[in-house]
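Each of the two complexes below includes chain A, the first together with chain B, the second together with chain C.
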Partner chain A sequence: MNRNLIVALAATLITVFAVSMAFAMGDGNARKGKFLYRKNCRTCHNGAEAPDLSPADRTQAEWKATFADTGKIKCSGDWTVNEKDLNDIFTYLHDYAKDSPSPAKCS
Partner chain B sequence: MSNPQQTMSRRDFFKASGLVAAGAMGGPALLGGLKKARAAVPAPAWDSKFSACDICFNKCGLIARVEDGVVKKLDPNPKFLKSRGMLCARGNAGIAQVYDPDRLKHPLLRKGARGEGKWQRIPWDEALDMAAQKMEEVRKKHTPCGHLFSAGTDLHSQFVSRFAEVYGSFNVTSHESLCLVSGNRAFLDTYGEVPFADVLNSKYIIMAGANRFEALVTPDSMDLMTAIRDHGCKLVTLDPRYTKTAALSHEWHPIRPGTDMAFMLALAHVIISEKLYDPQWVAEKTYGIELLAEHLGPYTPGFAAEQCGIPAEDIARIARELAAAAPASMVYPGRRTSDYEDSTQIRRSFAIVNALLGNWDKPGGLLAARQVGLTGVPYDAPWYDENRDDRIDAHKVPMMFEHEGSFVVTRDAVLNDDPYPIRGWFVYKTNPMGTAPNRKKTIEMMNRMDFVTVVDIAMSDTAWMADLVLPSQSYLERTDPCSGLQGSVACACVVKRDPVIDPLYESRSLFDIIKGIAGRMELGEYFDFTIEEYRKQQTRDIPEALKVMDRDGVYYNPSKVYGIYDGRIYKTLSKKIELYNQRYLQMGLDPMPVYTEPARTPANQFRLVVGRDALTTQSSTANNSLLREFEPSNTLWLNTRAAEGLGIRDGEKVEVSSSVGRQELAAEVTDRIRPDTVYMLSGFNTLSSMQTRSHNNGASINELLEDDYDAVTGNAAMHTTFVTVTRKVA
Partner chain C sequence: MHKKMIAAAVMLAFALMAFAGPVAAEESKTPAFRQFHTIVDYAFVAKYAKMPKQKDVMIIDSRPYKPKYVDGYIPTAVSIPASQFEKMADQLPKEKDALLIFYCGGLACPLSHKSAFMAEEMGYTNVKVYAEGYPDFKKRHAYASIGLEKLHSMLAEGEQYMLIDSRPYQKFLEGAIPSAIGIPETQFAAKRGMLPADKAGTTLVFYCGGYKCALSHKSAVMARALGYKQVMVAEAGYPGWKEMFGASGTAVQAGEAEGAVDTDWFLKTIVENPSAITLIDVRDPEEFAMGHFPSATNMTVNMIDKNAADIPTDKPIVFTCSTGARAGEAYYLYMDKFSDAKDVFYLEATIDFNEDNTYEVHPNK
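Presenting the complex of A and B:
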């Protein structure tokens, strides 16, 4: 019983932490983010070197989770973008996610 | 004429060739049958070339019969499943559009006052230099967002969006905010995508405000006929007009305009209170059933009866019949939804009834989009730091579609420089002067502009008010990119167009025109390709498609039709079908549709409603010589009893007045419309005298319509205008 409670509590705390981390990002400039995404990310995420990526590949919650700890993103070691630019890119991906009000169309 | 093939009816022909059965299945099964049927026809003297129709948005496959470089006849492509191998009257009349003597022939520069109709012919180089120079000037003075771009439904329109983006403007509007964006919004916000209706396999269809046997949508129009004639489907139509769809329906209810939501909520009320839904499916697939049940309490059939003018027992019976036929039953989603200020919420009520029927992703229900196999062609648009933050119409409604915009909201913003000025406008193959409500405001908008460039095949009213008019090629003269189409249950397919004839006059394709302008603005690198190269990129995942299209005029991707969502989440916040929309709540919108009674028609006035017949595509068919033979002008549909009260006889000229305009036309006194409602076709009485068949002919409906809009999406609300009708004394 106690063990279950601890697991549940830990899970809740992790969720709260993840959500609060995610909320630290957002409200950037999605239009600038689209430009920065094309410039910085699509050079590899072009379907050849790395999988093609579209905001509509994931839900808003999934993008938040992905960007909650960018260290876990495989290519993050190669990134050269600053925090502001990264936030713009996140905002673009999040705001045009597959469950967003305006899911991205192809290209 | 004694050829037995020619005396066969189309239906017999299809039966003989196995097309009816094969059409229902999709795929290549029909091809063998067709070859056999066609083998009996002797080879004609003409060249036969594939294309896709462009007289409306449907893009039906066709075969152009060409003799000595001249199109003699347009026939349907029998292998084109989306149109069930057919081509409609408008499609046949495409030939009159291509060879219309009123077509634009060379670049024209305005010489007199705007709209005065004085033009000077100029050479192409001068025209492109001028367009580029004026666009540069606007950008320099007003930032890139100081220029507006508008494009209609066309395979080249994607290059207008690309041009706007590389120029740096966020301000792009399409025709869709005068048409369907609120319906799309409603279904997207319920299901996570905009569905296709499997009318062919449906057993019970409610057609509310849509007129599918006249305003043709392929394959729905044909499939609906097959469903009611051959498959025993029951069709119930709600419409203030006795349309041809109403005439062919099992039941027609002349509903009071603007009350469809009350009807739908009452259907939902009966289905839930009598437990006529599949509880397991609803529990697994939908979100908010308890909240909905509570919300629907007051929306009884009795309540709806008072609003709609349809007896309560009929509403309850229809709900029971609809549910009994579920999941092979539906409330047809419809296409144009630009009617009321709550048009998104009205269509949410349609979507919710469908959800209760459990028809999603199932035969006879609503279908998900299928993969066609085309891929996007990416490009890297530049970034301009010296630019506005957002679109001019941003934040004025909560859920506008970024890539469609709202024409009506944009126009108001332009008129008020709110929050910034727009002084340039590039328009391709769309005619807001002839299609947007309140024409005087569109004229005012034109007058705000420093420079307007219009690319079209005809001198539309928008072109008539422009500074520079550039003649584009018709669909039979040009090379087009590939386009993916879904024909409901019929197919998911790809089409392209290649020139059937040489370009007439000095016309050029939109792509070549933009390439010319962009090249003069140091944006040439974004258009440094040919359409053939572009198509290769589009089809890189389906490399066989181009050859198949050359052979058959169409390429089919045999993807799954039903069960696409098995094991998949819905693209909504709850990952389920949202009876209750959580995002709406967060945004301060009603999470479930709340009915507001439409304004009562004032005494001695009428509600003016918009509609189509099978000979009309917005304003673009009004000058078509073949179609005008069938329908020389537009008339005002006026109920017999109402006409008697006003002392108006059939055929007499009447004056129609609204708060924004006044027009004159002949009255058509008829029982085919409610006594409180009037109707006329659009596209007539053009400003442009270079549209000789529509200028000074009939009345312009958009001169009369007020310009309200849907509070959620900014879609135009074109059924909110009341008019007075008086006999015109000679």
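Presenting the complex of A and C:
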């Protein structure tokens, strides 16, 4: 009985932890994110294949909305970035957004 | 029960073998292998084991490169392990009448004899074997040489040694092997007070500008004359160290963020010893023209993306921009291209440049 309780509690904790991890974006490495954005996104977001896109083109709230469901981003199917990379990219875009303390000046 | 007996029997057999081995080796005082016909002694070898190297003479260490050769070898000797003799035979002198002296681990070791016979078959006419080999040499000679791998492990394990750079002091300042002190060979007598008090317990390791440089050898002989018991020369010297362990001995102080250089260390270095690092300003040429660090080279992130291989790697690389954003990008870009690169950093700080190349640096919070 007691044992079952512990197992159930552990399972709950693990689930809660995993879920919170998945949704907790931000606080990544913005420096690395800038490079990863260049490597993985800029190749298309260059004004030719896809619109030129800089962090300062959107507000922090807009970036949050964009990354809330990355499945809706058109090219997400082609991405080869992992969760951590994605979080770094998000951190970069979010931290240099239009309404951030330090909006990106150029690419 | 049965199983236990078998296990016991096996263990007993192993124990017997383990004891039998060394005993058998000690009994056979006369080596069982074919002896080379021309054997030389220490006095003969010592004539050639010094700098500058004599032309048309080669001393060859036939023992395995690791751990034997790197741990200690006869000065000026070249490593050609007997097991790789054929593969490495092109390292032997071109002239067939050159003097070749082979040695290995002493009277019980067949490797030098084996190699000497093979050299003779290749047409070499002046081949000798120093049969008493390295153990005898080490006992009699003022010093021995070591490989940089050995020095590296002494450094990593914090062994009790003192590393001395025998080159002119300016060379030492421009870059040295970590943990070294600079005692130029010409000032050895004047600066001998810098050497450790413990003459028996501390190993002294000398180095200078590589295999052609005699300064470390000369210093080693002088140290021995002062009474130091354990004296070594790392012949490959600073050029070899740079090649093997990358970057200069200038230990870059890392900052808090991943890949960041310590801001205070950076500011001090670009004033006191700017040639110790390769400083790359990744801002646009127009920004660069409005003011930059005096020792910086301009190369935008796009240029680095195309020509990263052009950046010299003999010194630590530091990327800078105006806020740290593009410099950080350059750092990750570079590391993505050369994942095993060492000593690459960026400046995580906000910098205001003036047209006269003065600057103010504010660390980023």
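Note that in this section the second predicted complex is superposed on the first by the 84 of 107 C-alpha atoms of A that agree within 3 Å, B and C clash if a C-alpha of one lies under 4 Å from a C-alpha of the other, contacts with A are read in each partner's own complex, and residues count from 1 in each chain.
Quick note on the criterion: a contact is a pair of C-beta atoms (placed from the backbone, for glycine too) under 8 Å apart; a residue touches a chain by one contact, two chains touch by 3 or more.
Fair warning: this is a prediction, and the values are worked out from it, not measured in the lab.
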item	value
Touching partner for A:Thr59 - first (chain B), second (chain C), both, neither	first
Chain A residues touched - chain C or chain B, whichever exceeds	B
Partner chain in contact with A:Pro103 - chain B first, chain C second, else both or neither	first
Which of chain B and chain C A:Arg42 touches, first, second, both or neither	first
Which of chain B and chain C A:Arg31 touches, first, second, both or neither	both
Partner chain(s) touched by A:Leu93 [first = chain B, second = chain C, both, neither]	neither
Residues on chain A lying within both footprints (that of chain B and that of chain C)	29, 31-32, 35, 38-39, 102
Interface residues, chain B side, partner chain A - complex	170, 189, 192, 375-383, 389-390, 399, 401-403, 569, 571-573, 575, 583
Of all residues in chain A, those that touch chain C in their complex	29-32, 34-36, 38-39, 96, 102, 104
Residue numbers on chain C that touch chain A, as the complex places them	257-259, 301, 323-326, 328-333, 336, 346, 348
Complex contact set, residues of chain A against chain B	29, 31-32, 35, 38-39, 42, 46, 59-60, 98-99, 101-103, 105-107
